[in-house]
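Going by the order they are written in, the chains are A, B, C and D; count residues from 1 in each one.
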Amino acid sequence: MADHLLEVRNLSVEFHTAGGVVKAVKNVSWHVERGETLAILGESGSGKSVSTSAILDLIDMPPGRITSGEIRFDGRDLLKLGSAERRDINGRRIAMIFQDPLSHLNPVYTVGWQIVETMTAHGLPRSKAQSEALRLVTRVGIPNPSDALRKYPHEFSGGQRQRLMIAMALAMKPDVLIADEPTTALDVTVQAEVLALLKELQRETGMGVVIITHDLGVVAEIADRVVVMNAGEIVEAGIAREVYHNPRHPYTRKLIGAAPGKGEMHDPLPRAEPVLKVRGVAKTYGTFKALDGVGFDLMAGETLAIVGESGSGKSTLARILLRLDEPDAGEALWKGRDLFRLSPAELFALRRDLQMVFQDPTQSLNPRMTVFQLITEAWIIHPEILPKAQWRTRVADLLAQVGLRPEHANRYPHQFSGGQRQRIAIARALALEPELIICDEAVSALDVSVQAQVIELLNKLRREMGIAFIFIAHDLPVVRDFADHVMVMQKGRVVEYGTVQQVFDAPRQPYTQALLAAGLDPDPDVQAARRAERLERRPA
Amino acid sequence: MLTFIRKRSMASLISLVGLVVLVFFLSRLTGDPTDLYLPIDASDEMRAQFRELYGLDDPLIVQFGRYVGNLVQLDFGESIRKARPAIDVVLEAFVWTLQLALITMALVTVAAVVVGSLAAFRVGGFFDRVSGILSLVAASAPDFWIAIVAIVVFAVGLGWLPTSGTGTVWHWILPIAVLFIRPFGLIVQVVRGSMISTLSSAYVKTARAKGVRTRSIIFVHALRNAMLPVITVIGDQAASLLNGAVVIETIFGFPGVGKLMIDSILQRDFTVVLASIIVTALAIFVMNLLIDLAYAALDPRIRH
Amino acid sequence: MTEATPLPDEPSALRRFLRMLWADKFALAALIFLVVVVLMALLGPVLLGDVAQKQNLRGRNAPPFEWDRGWLWWMGADSLGRPLLARIIVAARNTMTVAAGAVIFSALIGTTLGLIAGYASRRVGEAIMRVADVIMSFPSLLLAVIVLYILGPSVTNVVIVLAITRIPVYLRTTRAEVLEIRERMFVSAARVMGASPRRIVLRHILPVVLPTLMTIATLDFAYVMLAESALSFLGIGIQPPEITWGLMIAQGKEHLTRAWWLSFWPGLAIILTTLSLNLLSNWMRIALDPTQRWRLEMRGRSHG
Amino acid sequence: QDDKAVTIVLNEEVDVMEPCMATRSNIGRVILGNINETLTELDVRGDQGLMPKLAESWEQMEDGSWRFNLRQGVTFSDGSTFDAQDVKHSFDRVFDPSITCEAARYFGGMTVTANVVDDQTIDFVVDPVQPILPLLLSLITIVPAETPIEFVRDPIGTGPYALTEWSPGQQIVLTRRDDYWGEAPEVTQATYVVRTDPAVRAAMVDAGEADIAPTISQDDATNAATDFSYLNSETVYLRLDASQAPIDDIRVRRALNMAIDREAFIGTLVPENALLATAIYPPTTQGWNPDVPVPTYDPEGAQALLEEARADGVLVDTPITIFARTANFPNVTEVMEAIQQMLQEAGFTVELQMVEVAEHEVYYSKPYPTDRGVYIIAAMHDNRMGDPSFSAYFKYHSEGRQSGIADPKVDDLITRASAATGEERNKLWSELQAYVHDEVAADILLFHMVGFARVAERIDWTPTIATNSQLQLSEIGFKE
C-alpha cells in the first residue's frame, strides 16, 4: 500500500460514561494526500471531532480509549510515538482549528501572545514570530491587526475568534491542517475569504487539509474527496462530485436532500402592530461603536433574520435586547413597554416571553447540570408553565422535538457533540414557551439534516404557537428558507432592511450584494463553474 | 488604575478608623493595666498615682479623644510596659516580622505552586499521592512540635544550625523552615484542586495541539487560570504571618510583632496593641490591594 | 417527528455514590475513620468519661505499647496517669464541636458574604470587602481575649472566636471566584430564563466555587484545631478539665523531650482527621463534578 | 572570642533597663548587683544575714531613725563619684509621683525622709519607726544624682559591669568595668538573651550557645552534671475567702486542707526537692516556725468534718470553683486537676477554671468579685527577702489586699511583729504562723517550689534562692 501523507486506519475510540461505554468511533479509515482536501461530513455527534482529535493525541485518556487502529504520518504510527516526538509534530506538521473558539482560546492571554507561542514553541525567534503573527492576523481579515494582537479573546466576536484560531493553526505552515468546522461561525463573505485563504496556502505549501463540516456548500467549494460519517462509522467515501450526484448510502442521500435554500420564500405577513419596536439602540465599548442607532419592528409570529459581517454587532444587539448588557441609548418597546427601562421585578415577568439560544453551546450550558436539570430549570423558575408531574414526559417530548433521544436526559453537556449541545439549548428555550426567541447562530453548528429538522421545528412553532424569532445567522440559504424579514448589518449599523424577497431577489446595497454573491452552492459542479468564472473576472 | 488605588486607599482608611475604634473600646473591656503593671501588693496611692500618670482615670471617651488627637499628629503614645514610644517598639518588631513573612511566603508560593501543579497533572499518580499525604500532614502538624524537634535534631544533635535567636543567616533557616510547613501544605492542596479543573479545559487542548511543552502547558497556560483562588489563600496565609507567628517567634526567640502583640494583649499595654494593629493592618490592606491588582493582572476579564 | 418515548429511570443516586465510594478505597477508609471519630465524639464521654479523668499519679507519663496493661493504656498515660487512648476518645467530642462548629460557621457566613460581595452591586461588594479587611487585621488572639474575657471561656465562645477569624478566607475566595464565574455564558443563559439572583448564585455559581471552598474548609479543620490549642495554651481557650486534642498537645508540649507520646497521639489524631477529611473532600470534588466523575465510575467497574 | 565571656539565657523579656524597677525579677537579674548596687545586701549563699555593700555600716539612732555610713572611693560607670547626694536622689526618685517605680511598693504605709549629713553619711527618718529599714534598703538601687526623674534606657551604676549594648528583643550586653571599687570579677562580658520556651533554653546550653539557663523545666533537668535545682522562694497555695459560705466554716477549711494528698505531688508533678509548705514564705525566712505540722492527708477525716458541718446546716455542697493562672508554674494545670479530683473525692463539688493573668488578678486582689460564686484561688507568692513582713500583712491582715480572713488576733500579731526587733520579732512571727495555720486554717499551703538551672560544664556557679530575681555575674567562676 502506498504511503499517504496522513492515513487513519481502523480507528476505534470509546468513552466511559455513567451510562456505560460509548463507542464514539468505530473502525474508521481514511487518508489524505499532499495538496488534497478531504471533507468529513456527517451528522452531529457522529464522531468527526473525536476521530480527528485522536490524530493530535487530544482525547482525554481516560475516560477515552483508543481500542484499535493506527494513524500513519510520515511513515510512522503516531499512536506509538513518545510525547516529545508527538509534540514536535503537533502544531508544526499537523495543526488543528477547533470547533468552539471561545473555550479553546486561553482567556487570560492576549491573542497575539497565543499566536506567537505556536511559533516560539517550535523554535522560531520571538521577534520573527511577532511580525509573522501580525501578518497572519491581517491575512485572516481581523480589523486593526496590531491592536487586535494586544486584545484578549473575550473582546472579540465569535467569528473573529474563529479567524484567530485559523491564524494560529496556519502559523507554522503545517503539512496537514485539520479544520473542525472552521467556517461555521463566519459570515459568508469572510467564509469565502477563509476558504480562499486555505486554498491559497494549500497551493503554496502543498498541505493536506482535512475539513470537518456539515455545510455542503463548503464541501462543494473546497473538497476533493468526501467521507461521510454516521454513528461513528464511515458510510460513504469518494470523490466530492460523485458523492454529491450519486449518493449511495441512504444517509448521504438524506443529507444532500436536506440542503437548505431551495424552498419557497415566505410571503410577507400582513402588517400589523409590532410586538417589538426597537429604536436607536447604541452601544460603545470604550471608544469602539459596537452598535450605532439600530432599529427595527417585529410582529408577532414573524421571523426577522439578522445577517451581516462578523463583528458587526449582531450578538451585542441580542444581548442588549435581553438586558444582559446595558445599552447606551435607544429604546425597545415590547408590547408597548420599554424593555430598557423596566425594573428587575417587571423584567422578570417578561423574561419568559423573550428567550435566547446562544452562539456558543458549550459555554451556555452549565457543565454541572444534567440535560434534565437544564431543561426543567425553566419550570422551576416559572412554575406556572408546567406541573411537576408532567416534567418527565415534557422533557422527553422536547428532546425528541430537537432530535435527541430521551436517555440523553441524564447526561451532562460535556458528553455531547457541539451540535447536540446546541439542540439542548434550543430545547431549553422552548421549555419556557416564549413569544420571542432570539437565536444567535443557533443552527450554525448543526449538520444539514438536523438543521433542516430544527428549522422545520422552529417553523412549526411559529405557525402553531405564533412565536416570533430574531434569527441571527450567516447561512444565507437557511435565512432564505426561514425568514420573513431580513436585516443586514455592518459595523454596528443597519445597512439594509426588507422582506426576504426584497433582500434576496433585489438587494440594493453593495454589501448585501457581495454577501449574496459569496454564498456557496452545495453542488460541486456549480461551485466549480463559479470558481472558474471568478478566476476569469480577476485579471491574472 | 491610579484612581482605583486612590479609591481603595480611602476605603481602607475608613476600615482602619473602624478598626481603631473597635480595638480601642473593646480592648478596654478586658481589664485595667494598672493591676497588671503594678505588683499585687502595691498600695492604693500607688495605683491612683499610676492611673493619673497614664490618664487611665479619665472617662473612656476622653481617653479616646486624646488618643485620636495624638494619632493624627502621628503620636502613637508611650508603651507603659517598655517606657518607650509605642510606635518605635512596634516598628522594630515589625521589620523582623515583615522579612520573615515575605521570605517564607515567597518560598511557600514557589514550592507549593510547583508541587501542587505537578500533582494535578497526573491525578492519582504516584507523585500526587505522595505529595498529597505529605502536604496534608504538613498542613495539620502542630508547629511547636516540629519546632522543638527541629531544634533538638538540627541544633543540639547535629549541631548544624543555631538553636534560636537572630544574627546570622543561619539563624533564619529553622524558623523559616518551620513556618513554611503549614502554609505549604495548605497551598499545595488549593493549587492542586484549582489546577485539576483548569487542566481539563479546552484551551489546554489547544496548547497541546500547538505542540507546546508540557512544562509550559502546566505553568503558563493552566497555572495562570488556576491562580485566582490560590492567591486569595496565599493572601490569607501572608496576613496571618504578618499578624505574627507567635509560636515560632516564642520558640526561636525571634523579636517579631506576633510575640509583641500577644504580650501586650496579655499585659494590657494598649498603646502597643493599637500601634501594632495599625501597622499590621496597613500592611494587610496594602497586601489585599496588591492581591486585587493581581486578580486583574491575572485575569483580563475582571479588569474594569 | 417521532412520538416521544417517556424518560428512562435514573439509576438511584445513593447507589451510584456508594459505588463511586467503593471505587476509591482511600476515600472509603477516610469515611470509615471519620465515622469512628464521630462515634467517639458521640459516645466517648458517656462510656469513657470517668476513666479518662481518673488520675493515678504513680502511673504518670507511662510509656505506650505496654500491651499487658489493658487496651486503654496502649498509647501510654499522661502526666496525671490518665490513659491517653481514653482521653483521645473522650476529647473527640469537644474537638469536633469546636472544629466543625468554627469551620461550618465561618464557611457559611464567609461564603454567603462572598457570594453577595461578588454578585451584588459594586458598592455593596466593596463595603463587604472592607469589613473583611477589618476582620483580617484584627488579631485573633486579641479577639479571643476580648470574647473570652467578657463572655467567659466555653466551647461555644471558642467556636465564636475561631469562626470570626476564619471568615475572611472564605469571603475573599468566594468573591474572587464569583467575579469570574458571573461572566460565564451559562450564567447569562440563566439570567435570560429569568432566574433570580439567588437562584443564579446558589444553583449556578456556588457549585463551581464549592470544590475550592471544600478544600479550604477541610484544611481549616486542622488549622482550627491547632489554633484552639494555641488559645488553650495561652490560657484564653478551652481549659481543663475539659479536654480537646489541641489542649492535649498544648499540655504535652511541656513534656515533649521526655514523654513524646503525650502530644504525639493527639497530634496524630488531628493529622489523621484532616487527612481523612481531605481524602473525602477530594473524592467528593470528583464525585460531584460530572466532567470528572468517570474517574471513579471507571475504577469502580474494573475493580468491583 | 573571649573565653571569659558568658551568655545567659533568660526566660522573660526585659522591658526596661530602669534601676528603680530592679525589684522586678526579669529586670533585677540583669541589673541588680551587676550594673547598680544597693546600700545593703542579703546573704543568700551563707547565713550572714544582711551584709554591707555601698554602705559600710549602719546604726539605729535614739529616735528610731537610721544612719548609714557610705563606702568611699566608689565611682559610677560614667566616672562620677558616689556620695550621699546620690543616695538621696536615688531614694527620692523611687518615690517621685511622676514615675512609677516598683521598689516603692515595699514602703507602703511609711514615710521615709533621707537627710544628707555629709558626703559619706546619710540619715533616714521613717514614720512609723521601721526596724527592718536596712533590709528594705537592699531593694533600692543607687543611681547618680544627675539621673532624670523618668525611665532611663542607659542605666548608670556603681556595679562591676556597665551596659554596652541593648537591642530590645535580641540581646543585652554587659561589659566588665576596670574601675570597679571592689574585687574584679572573673567574667569579662555577659550577654543576655531571652527565650520563652524552657526546652529551647535547655537546648541552648547543650548546644554551647549559652552558659547559664537560670530556669529550665523539671522535665529537661535530666543531666546531673549540668542541671541544678534550687529552692526559689516561691510558695504555691490556695487562698480561701473566709467570708464566703461554706468556706466561712472552720471545719470546711480544715476539711479542704485534709483532703489534699500533698506528698503525692512531690517527685511527680512537683519536683522532687520541693518542700511541703507550712508558711507562705520559705523556711529561710526569719521567725519561721519549725513546729507547725503539714496537715495530714486524711480524706475520711475530711469527709467526717464535712458531714459534721452539713449536720449543722452548712451548705457544704455549694459548688466551689478553683481559679488558677495558666503557666503560673510548671504543671500548674495538672496540679490543679489533681487537687480538683482529691477535693471531689472528699465530697466537695469543685470546678476548675484556668484563667489568664489579667483575669486571675480580678479574683486574687480586693475588692473580690461577688458575682462569681464561691471560689478558691490558686496563687504563687514570692518572698525572698527573709522577713515575713513582706507577706504577712498582704495575705493575712484584715486590710491586706489578698487576705481571705479578718481575725483581730492576726491583725494584732502582725502589727506587733512588724514593729518588733530581734528575738521578739522572730517569736511573734512564729506565733502568727502557727495561729494562722493551726487555728484559723486561713489557706491551703502547698509547696515551696524549686527551680532548675542548667549551667555549662565550664562554668562554676550554682543557683540560690535569689536566682529568680538576681544573678550576680561576680559570683560566676570558671572551672579549669
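As a working rule, a residue touches a chain if its C-beta (ideal position, glycine included) is under 8 Å from a C-beta of that chain, and two chains touch if they have at least 3 such contacts.
Chain identities (UniProt): A = ABC transporter ATP-binding protein; B, C = ABC transporter permease.
These numbers come from a predicted model, not from an experiment.
**Student:** Skim through the chains and flag the pair connected by the most C-beta pairs in contact.
**Tutor:** Going pair by pair, the biggest contact count turns up for B-C.
**Student:** Centroid from C-alpha atoms only, then distance subunit B (ABC transporter permease) to subunit C (ABC transporter permease), rounded to Å. What do you get?
**Tutor:** 22
**Student:** Taking each chain's centre as the mean of its CA atoms, how far is subunit A from subunit B (ABC transporter permease) in angstrom?
**Tutor:** Their C-alpha centroids are separated by 50 Å.
**Student:** Between subunit A and subunit D, what is the gap in Å from one C-alpha centre to the other?
**Tutor:** So the centre of subunit A lies 88 Å away from the centre of subunit D.
**Student:** Let me have the rounded angstrom distance from the C-alpha centre of subunit B (ABC transporter permease) over to the C-alpha centre of subunit D, please.
**Tutor:** Once rounded, the distance between the two centres reads 38 Å.
**Student:** Touching two or more other chains, which residues of subunit A qualify?
**Tutor:** 154
**Student:** Residues of subunit B (ABC transporter permease) that contact two or more other chains, please.
**Tutor:** Touching at least two other chains: 30-31, 144, 148, 152, 200, 266, 299, 301.
**Student:** Return the residues of subunit C (ABC transporter permease) touching two or more other chains; collapse runs of consecutive numbers into ranges.
**Tutor:** Expected reply: 145, 149, 183, 234, 256-257, 289, 291, 295.
**Student:** Testing understanding: with touching defined as stated, what is the shape of the graph linking the protein chains, line, ring, star, complete or other?
**Tutor:** Graph shape here is other: it fits none of the named patterns.
**Student:** If we count contacts the way the header does, which residues on subunit C (ABC transporter permease) are in touch with subunit D in the complex?
**Tutor:** 53, 55, 57-58, 60, 78-80, 145, 149, 153, 233-236, 239-241, 251, 254-259
**Student:** Under the definition above, what is the set of subunit B (ABC transporter permease) residues touching subunit D in their complex?
**Tutor:** 30-31, 35-43, 46, 49-50, 53, 81-84, 89, 92-93, 96, 144, 148, 151-152, 155-156, 159, 162-167, 250-253, 255, 259-260, 263, 266-268
**Student:** Residue numbers of subunit A touching subunit C (ABC transporter permease) in their complex, please.
**Tutor:** Residue positions touching the partner: 15-18, 62-63, 154, 319, 322, 324, 347-348, 351-352, 354-356, 358, 360, 363-368, 370, 372, 377-378, 380-382, 392-393, 395-397, 399-401, 406-407, 409-410, 412, 414, 425, 428, 432, 453, 457.
**Student:** Report the residues of subunit B (ABC transporter permease) in contact with subunit C (ABC transporter permease) in the complex, numbered from low to high.
**Tutor:** 11-12, 14-15, 18-19, 22-23, 26-27, 29-31, 123-124, 132-133, 136-137, 139-145, 148-149, 152, 182, 185-186, 189-190, 193-194, 196-197, 200, 228-229, 231-233, 235-236, 239, 243-244, 246-247, 261-262, 265-266, 273, 277, 280-281, 284-285, 288, 291, 295, 299, 301-302
**Student:** Along subunit C (ABC transporter permease), where are the residues that touch subunit A in the complex?
**Tutor:** 1-8, 10-11, 16, 183-186, 188-196, 199, 203-204, 207-208, 288-291, 293-295, 297-298, 301
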